[in-house]
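Accompanying notes for the structure given below.
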Amino acid sequence: MALHTPTHIAPRDTHEDPTSNLLDRYRAIRATTEAIAALMSAEDQTVQAMPDASPAKWHRAHTTWFFETMVLEEAIEGYQPFNQAFRVLFNSYYNSIGKQHSRVERGLITRPGVAETTAYRAHVDAAMEQVLSDGTSHELAEVIEVGLNHEQQHQELMITDFKYLLSRNPLLPAFVTDPSASSTGAPVPELRWLSRDGGLVDIGHSGPGFAYDNETPRHQALVQPYSLASRPVTNGEFLEFMDAGGYDNPAHWLSDGWATVCRERWSAPLYWQKGDDGSWSVFTAAGLRPVDPAEPVCHVSLYEADAYASWAGARLPSEQEWELFGVSAARDGTFLDMSRLHPAAPGGQGRDVPTQMLGGVWEWTSSAYSSYPGYRPPEGPLGEYNSKFMCNQIVLRGGSCATPRDHIRATYRNFFPAGTRWQFSGIRLARDA
Amino acid sequence: MALHTPTHIAPRDTHEDPTSNLLDRYRAIRATTEAIAALMSAEDQTVQAMPDASPAKWHRAHTTWFFETMVLEEAIEGYQPFNQAFRVLFNSYYNSIGKQHSRVERGLITRPGVAETTAYRAHVDAAMEQVLSDGTSHELAEVIEVGLNHEQQHQELMITDFKYLLSRNPLLPAFVTDPSASSTGAPVPELRWLSRDGGLVDIGHSGPGFAYDNETPRHQALVQPYSLASRPVTNGEFLEFMDAGGYDNPAHWLSDGWATVCRERWSAPLYWQKGDDGSWSVFTAAGLRPVDPAEPVCHVSLYEADAYASWAGARLPSEQEWELFGVSAARDGTFLDMSRLHPAAPGGQGRDVPTQMLGGVWEWTSSAYSSYPGYRPPEGPLGEYNSKFMCNQIVLRGGSCATPRDHIRATYRNFFPAGTRWQFSGIRLARDA
Amino acid sequence: MALHTPTHIAPRDTHEDPTSNLLDRYRAIRATTEAIAALMSAEDQTVQAMPDASPAKWHRAHTTWFFETMVLEEAIEGYQPFNQAFRVLFNSYYNSIGKQHSRVERGLITRPGVAETTAYRAHVDAAMEQVLSDGTSHELAEVIEVGLNHEQQHQELMITDFKYLLSRNPLLPAFVTDPSASSTGAPVPELRWLSRDGGLVDIGHSGPGFAYDNETPRHQALVQPYSLASRPVTNGEFLEFMDAGGYDNPAHWLSDGWATVCRERWSAPLYWQKGDDGSWSVFTAAGLRPVDPAEPVCHVSLYEADAYASWAGARLPSEQEWELFGVSAARDGTFLDMSRLHPAAPGGQGRDVPTQMLGGVWEWTSSAYSSYPGYRPPEGPLGEYNSKFMCNQIVLRGGSCATPRDHIRATYRNFFPAGTRWQFSGIRLARDA
Amino acid sequence: MALHTPTHIAPRDTHEDPTSNLLDRYRAIRATTEAIAALMSAEDQTVQAMPDASPAKWHRAHTTWFFETMVLEEAIEGYQPFNQAFRVLFNSYYNSIGKQHSRVERGLITRPGVAETTAYRAHVDAAMEQVLSDGTSHELAEVIEVGLNHEQQHQELMITDFKYLLSRNPLLPAFVTDPSASSTGAPVPELRWLSRDGGLVDIGHSGPGFAYDNETPRHQALVQPYSLASRPVTNGEFLEFMDAGGYDNPAHWLSDGWATVCRERWSAPLYWQKGDDGSWSVFTAAGLRPVDPAEPVCHVSLYEADAYASWAGARLPSEQEWELFGVSAARDGTFLDMSRLHPAAPGGQGRDVPTQMLGGVWEWTSSAYSSYPGYRPPEGPLGEYNSKFMCNQIVLRGGSCATPRDHIRATYRNFFPAGTRWQFSGIRLARDA
């Protein structure tokens, strides 16, 4: 996903005709984007609060540009673009398609505004409805499927970029109002270690159902015996690390992590504030409220995740170690829900199955993002979707409370630079068996 | 005016009761601000395109904050502020009033939005109407007068900040549509030198009529015999400088100017673009159009003004030299006119009187901005309006096409750093007699 | 090795008493450092030409500090340090030892100068000679062994930092004078692909002989069938990439690589200069001379290596793929030789064995630098030597023309950030079988 | 003087033949430069500790370049330069002479080193001796005179750049050893106000004796009645400002000054350090020692000088106000003395004459540096010496403890940006009469 909304490639959830329910899904996913945008004013949709974030109306336009450029230009003879200039203006990073407006200057674009963006979406939606109603080739259906998954990725970015934007406003406005955003007060289940033998295992996606290209090909990997934590690290546990001087002691930190702590003066996860009485509050979608010790710790970087693990006498799991448990994990975390947008505390847990692997918070792994053995990027522009980011990024797994429920799966590989904190990123521990 | 909308202090235009027509003027000036804002969408009003500029809705709120903080808190017992947090959020630079939101982060504030800003203005306007209808003390009337002039300064900044914002949009949108923005094609009057003897002269404001504190006290100054150009330098003349390699030859430039040319890769005034055929276009309020050689050159820095003068065998006038001609100058330049917002080519000229001194383009002087002999800043917050900027700034005189017609006068001292280009700033030459 | 002179841990080349020949080796290695320093004037030894580089006299003092702090303070009761302030001044990055002088300010230290640095070395050498003559514990002998390998790493950095420094001097001074630095003109052997079956293989160091901690533990890994190039990519081949527009076409580049090319305006390897006639020269230890098409391309980043491989229809090897061939490779590349300091063109090659794997140029792999399964950092300060850099770094293998001949081995893992170019880093291709 | 060692032009001290004693003075001044360099090691002479400073061996070479380029190339037919590349390498800022090596990269040049720099000086000295022995034209004698004054300016910069360099070394090495650097403990004379009527006065240099072009032409100016302080502000007085929260209260500060205080975290003059017991020490040429309350405060910026004056209910003098007292001032301050290099506390004072105007510390004025009425820069390269810096600089007057005694005079105009602190710059107060 990354700064650069990554990629994919693959069929849907069944062996049926891939185009069977595309129109319904197109309508539903496009509508979800608009529902997220409805949380925001025109002003909210315009500002770029940092280089890594984008304005919401840019997300709305760029996802539309994807369908216009990748589908409509192919599918409709003599297609008339809504505005020829948008081909450059809303190209994110596809060099094979042509020039791009500067990423860091997206927040300087006030025209087209929100209304014109809505009109742009309507224009493209009308043409897409036609294409989808008429039936498409298998190849084009696959590109449309990518476009839908792509838009879901941007839905998550719309949430996290918006949260970051409002966090920079001294008034700290809330953007959801669900009072249930706070925890129930139920005790947090004890952390247990779930073990697994090592050996040759199968990793990656195959078979029906959509997956991005970077999840393929399915291949053998070798793992050593290891254990995985039954649940994510909580705020309460992370506070122990903080109280033990975690942010003051270089011994726990990677070199680049410690340099970042010193340079950025980090002393807590992103969005945390210390009160005059020493208590910690956190900015959430529902505004500022006390840190709930039962919730999963969130908005931490790989550096903080690694330092915490080191302090706790554990380590982060490799992405293979994560996936081996993930394939049988329940969808029991929190997913995209416009009334909440915050992870919930882990509830009770059954047998020897980890909880909240899917949903809740993205979980940092120890794996640098790279290609699977035998991987080949797709031909054409979609070849740029994922592969060119395979350097200086760390893999995260499992999705978060801002991920659409049907967008995540055990083989899904998200990736961000190690210092990233504005995503809903948390920690799951592992250790050698 | 500056990055930091400076200041003032002083009576109105007559010896009459200073509060006589304040209510009418209050209504008119506040309405003008809203008329300027009406050129903009909510999106346009939100973005801060560079640190020196501010969002339009910030200008609208800050000018309202001025009345709320400086007038209503004094005039109305138990005045309830519209929103207590605005006291910090819209404080520009008044340390004596308290904390300020970071200047460079004004563009991160999406809430309050445009609608709430409008409500804020209405709230304060209602209270101000009451205060003005009830009649105010002479002291408070003077503060209100400052507030009105302050708002007029921000009107100009709204225009120049907005123009800069749209110039960063690759679509280069127009924001006025007057076709008469182009010149008539009439020949430019020949530049003539108007001479004046030296000696002891009186400089600065005194007597009735409003002036800022920095225009006082009126005092004697010594000038040497000199001549002033009858009109501003035109685009056509500046093109000759460019064609002669002006931007490539350090011999004409101040050291800091040449460093800026090299670092910023300047090769023309701000907003100029070179076409494939070598012709120059310029972004104006009416969009991109060919450079009109008859118009005054505009959006140049002090560095460019000084280099041009050096190349032309002349120099820039001191602010005293400028003022001595300015006091008898006609108001014959272009002023704030929402259908135009661009300087006009100088028309015919009469006898030995310079034209377009007032209106059209601000004219760089050779004078560093400093206090007049015997100057004392006002007591209280208004003491911060002007005096703390008396370092690293250059005086400009005469107002521009974005200045309200009744806001300018011969003694008016605007000031900006030497490298500033986004104001409507131009060049008038002088030379030793 | 990295910006942060990495690590180690391990016995010597035999099963004999590890301390047997330590004194001889100590003398020899310390003398080599001084021989390198003898290429430089006091002025040369003082300057830090970029944050990643260090002054030569800092290298000389820091390697001495290593013995003083890690060995003498342990070995000699009541040891009197040469200068107590040096404990901080020459600590590179050991948080467990205490504070450190700022890395980027090493070039501000003119006192101690070269003479005092020499005295510091003599002081510590005298004490070390005593310790080594008296015989040391096995534990201390291991630390001394690390100290010797550490000093060899800094020998290479002294060369590369010095070359970089002189490259920033417009006079481009030579620092060796060997005329044989140019190639013989013999034809470059054709590149052949040497194949290998996949399967479970053993990777890493074990047994006698020194190795750094990051080369351990020896462990199983799974590789797929692949082929490795018989020799490094040459300047001539890289020129073909350049002539084909390699530096102008984002299609070949990692996203971060392309951003670097644009930002840094790269159009050739580091130290290359284009003449008015279009021919390329390169700054070498012997001064500026024509690029020799037969030599291995050198001073390229991972980005350039990856882009070249992509353009050539190949890829970089993983570090495991490299090591499997490396273990049987000959020591046939160029090693540290103060009269040359430049890689040689590959000569003829025998059977199906790759040439120049050891020596010549460091070869970028596709592997992010991370810990081997089961890896544990050493206790104490040496635990900081390698492990805290296991993020945002890429593994290089094989040593270079600035590496001491007895310092390299097939399991040796060097690491640098992907954009690094001032090391003697080159390219060896791989491809799926 | 400035970052860019300013200027000159003018006769010597008498009406005699200007060339009469030039050879003696050439020898003496060149020898003084070498005596200053003798305080430094080769390492000390090589480093550039900040962009505004230059390495000492650069100063030694650049002053030599001045004679070689401006004199020898003119005076000697077919003169062979010592090294043709030096024409660019040691050109500071003379665009009319040609290209220049980048100012901020002077510290990257280790070759030529100190020894070759000495040889360069000897080469040029030999040729200059010949020229001066043979007798020169009046025109050339004037250029030589400028060269000598230019070298004296660089002598002061060698001192201040060197002090700054050693201040960045945690060991804080002393570079003079005079124990008398500390004050006598005698009480500081009370500050008295010396008044003067206003009116038309004569300002600037005329007549025999050398002066820089920027001190001319002598001209009339108008001053208002005012008073000048009898002595500079002392450390003790400045400590009162600090104890009163001077660095914490924006009310006293210029806007740019307060921004600098916040950004740079200034809380005391440059080189001051607060001990654990709250006492202040200061780094001097003799090393770190307690702040002496009797000495003139030193190493303050214009911002601090202005804030102090504002806090003290006074102001800084204009340069005209300074000069009117300066013309009758005694040479009673401290001047360049290689055994001391620190200002002394003011001693007793006689009648109504200010003390320590000449020598001790440079005194910030309120005057922006600009040209005198009727000023014309010299023709040729020397026209670049002063005039192109007449923007964004503030005038200082009076010379310092690093100024050669015969280099200063009442009309001398030094200039630096307002935030400059590494010169020996202090404060003299003024007020309206």
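Each chain gets a letter, A, B, C and D, in the order it is written, and its residues are counted from 1.
Methods note: contacts are C-beta pairs under 8 Å (C-beta built on N, C-alpha and C of every residue); 3 or more make two chains touch, one makes a residue touch a chain.
None of the values given here were measured: they were computed from a predicted structure.
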>> Strictly by the touch rule at the top, which chains does subunit B share as contacts with subunit D?
In response: none
>> I want to compare two interfaces, C-D and A-C. Which one has more contacting C-beta pairs?
In response: C-D
>> Farthest chain from subunit A, going by mean C-alpha coordinates, please.
In response: D
>> Quick check: how many Å separate the C-alpha centres of subunit A and subunit D?
In response: 59
>> Using mean CA coordinates as chain centres, what's the gap between subunit C and subunit D in Å?
In response: 47
> In whole angstrom, how far does the Cα centroid of subunit A sit from the Cα centroid of subunit C?
Replying inline: 38
>> Counting only residues that touch at least two other chains, what does the list for subunit A look like?
In response: none
> What residues of subunit A sit close enough to touch subunit C in their complex?
Replying inline: 4, 93, 95-96, 200, 219-222, 224, 250-251, 253-258, 302-303, 306, 366, 368, 370, 373-374, 388-392, 394, 418, 432
> What residues of subunit D sit close enough to touch subunit C in their complex?
Replying inline: 41-47, 49, 57, 85, 88-89, 101, 105, 107-111, 113-114, 165-166, 168-171, 173
